[in-house]
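A quick write-up on the structure given underneath.
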């Protein structure tokens, strides 16, 4: 089937691209030091006494998990889209028999194996250092975790593509992405476990999309939730994915029309 | 002003044979080859002279200029420019020289050229009155108009080159190294650049070393040329003498009113081209008068010119001669 | 005016004009800078809501460290990393020759090649953080400790510049600029906490080998009036040593470039 062949082609582009830029990926992994810095910080904090439900081993487990989830779900496509729109190469993408969004997604998947490799290494370190008690034991939780990671990846992709798509309407949406990233760092659980926030802030954060990009898979991974609440939270995450998908398609439909009208 | 003695420059180049296996091997162990870019070059240039540095690509022209300006360190030999050793990059030295690389841009891309001029004014420590006077002169000589107040990226290639030249001269250098300054320019702009260089040299007594692939630049500007071939000096002297030595013949171009047979031309000289209504001959200068008389008598001539052979051909012959000499000589 | 100060201002002016050309929205970009700085404060605020000390530092004291970190970050992201990208472009386009032809120190020209002026808003943010920090402590810094702290910050800036120069020289060996600037930013990140947050070997390495501790924790303690003489002397010695090493490496890199370029 032609669609399948096209997708395979994009997957290959993504993989080859990722391999060609594997040095980039390695350097990115090396410069994603934020989880390590937070381990240092919270390590010092928990040495003086547990904070929330976290003793030192749990907090280390938590942040190693954030490293894994971040490397699996991070998306830089918004910058790529900005470039494509600005220099007009989006035009050539639009001529292809595959919707550009699908193409971007496939390229992102193509880069997965290389990124997953880094994550596997870190996961191995995590288990070796902290033992199996660091992670969840319930197989149902792990099934939900798989769903959650996929949803988190998709959510990050949609956010990236939507914000990238804003470049159809303004000069550059790089600043919007920057602002979103700042929000992501603070409210997703990347810098601070979400359950350490004061209760009122916690209530707000539960209904912001950030936590569902990184925090939720991390929390599931370290066994912070029982089955019932896990199901509920993953459900909410999927809801966010659906809502965001609708926004993405709306932005792109208007954006592409505008691009075609003005020639980019 | 400029003294070069036994200049030698070798480069270590990593040569990788084709093929995947060789590529893999080169990651672990690289093989380096020595390329001799400049081979025992010696010459002297007096202050205020204009000389052309000629040679095919890779002959060592740009490398020589870069050594003279201190950008490249020679492997061996002695170089002195304006009493300085270029390698030491002394401030007094840098303030007296200027290098223009025709294919590389010094102007700030996003801003008007005037901002580059101002930056140079500060770097070179030029006082505002001196700067204003220099700019007035350069604007006049180069006919800049308002070019320097528009962002560089909006200028055409020729306009940019004019501003590049101005930027190179803000500090009133006394030694100019011009590496292919007219490359890519249209004919009108080439003429303008040539005229400018000549006027600047005459007005300020600046020493000029120019490299160019356009022989017209050399003919117009350089009474003396140094020809480099494979890094060595093949000739150093006046352009006229070079042409006379290599290709002493005069080129006679006859435009005819009707076609003639080759046999009719044989006695006149060596036929370079024989088109139906045009004939080009190379004639021994000693026999010019007799040849022309015979031609005018025997052939249906509409128009006639006598000129020197094209410089490109002369150069090609020099290089071919050098190559043959090298091939014959034992290595 | 001293020559190099004039040159610095001329380079700064060029960067300002280029930013204006590209319609850099100083307000929006400044706001985003402030946003990012607050992400550095978030963990501190959350944790200090439930306890008084982290690794022996109180909230106010920890804020002083974050303040110096913010200043260093303003230097790195506002001056050094943009200049890094500019040098890489010069090497790629072959126009570094023109820089080397100018009668001024090439290392200086290259260090001031480009400024992202909007990042200097972090200088104000840092000042704000200092003010809040001392308010938390319920006192003001003495003139002596303020002078001491700022002097040690100058030492820290020299250390930062030397580290940056060493990283920048890799550009002559054909490495991608973007990656190195990311690594530098990530390395500086570790200096946002007081160095006592780290333990044992890591702490020694991050204080003296990659002297992050000397760059933020020591000036902070000086500003607070808690620093002795030993560590500042070490910092000064290390700054001088690193500056000399960076200078030598730079000259070697340029020599290699001038010998190898054609």
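Which chain is which? They are A, B and C, in the order written, and residues in each are numbered from 1.
FYI, a contact is a pair of C-beta atoms (placed from the backbone, for glycine too) under 8 Å apart; a residue touches a chain by one contact, two chains touch by 3 or more.
These numbers were taken from a predicted model, which means no experiment stands behind them.
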Touching chain A and also chain B, the following chains: C
Reference chain A; chain at largest CA-centroid distance: B
Core chain by centroid distance, with centroids computed from Cα atoms only: C
Euclidean distance of C-alpha centroids - chain A vs chain B, Å: 58
Where chain A and chain C are represented by their mean Cα positions, the distance between them in whole Å: 30
Geometric centre distance via CA averages, chain C-chain B, whole Å: 47
Residues of chain B whose C-beta touches two or more other chains: none
In the complex with chain C, residue positions of chain B that touch it: 11-12, 37, 62-63, 66, 69-73, 89, 91, 94-95, 97-99, 101, 104-106, 108, 110-111, 115, 118-120, 122-125, 151
Chain C - residues contacting chain A, complex: 23, 25, 28-29, 32, 35-36, 38-39, 42-43, 46-47, 49-51, 53-55, 176, 179, 182-183, 185-187, 189-190, 192-193, 196-199, 202
Chain B-touching residues of chain C, taken from the complex the two chains share: 3, 6-7, 10-11, 14, 17-18, 21-22, 93-95, 97-98, 100-104, 255, 258-262
Chain A residues within the chain C interface of the complex: 23-24, 27-28, 30-34, 37-38, 40-45, 47-49, 51, 171, 175, 178-179, 182, 185-186, 191-192, 196-198
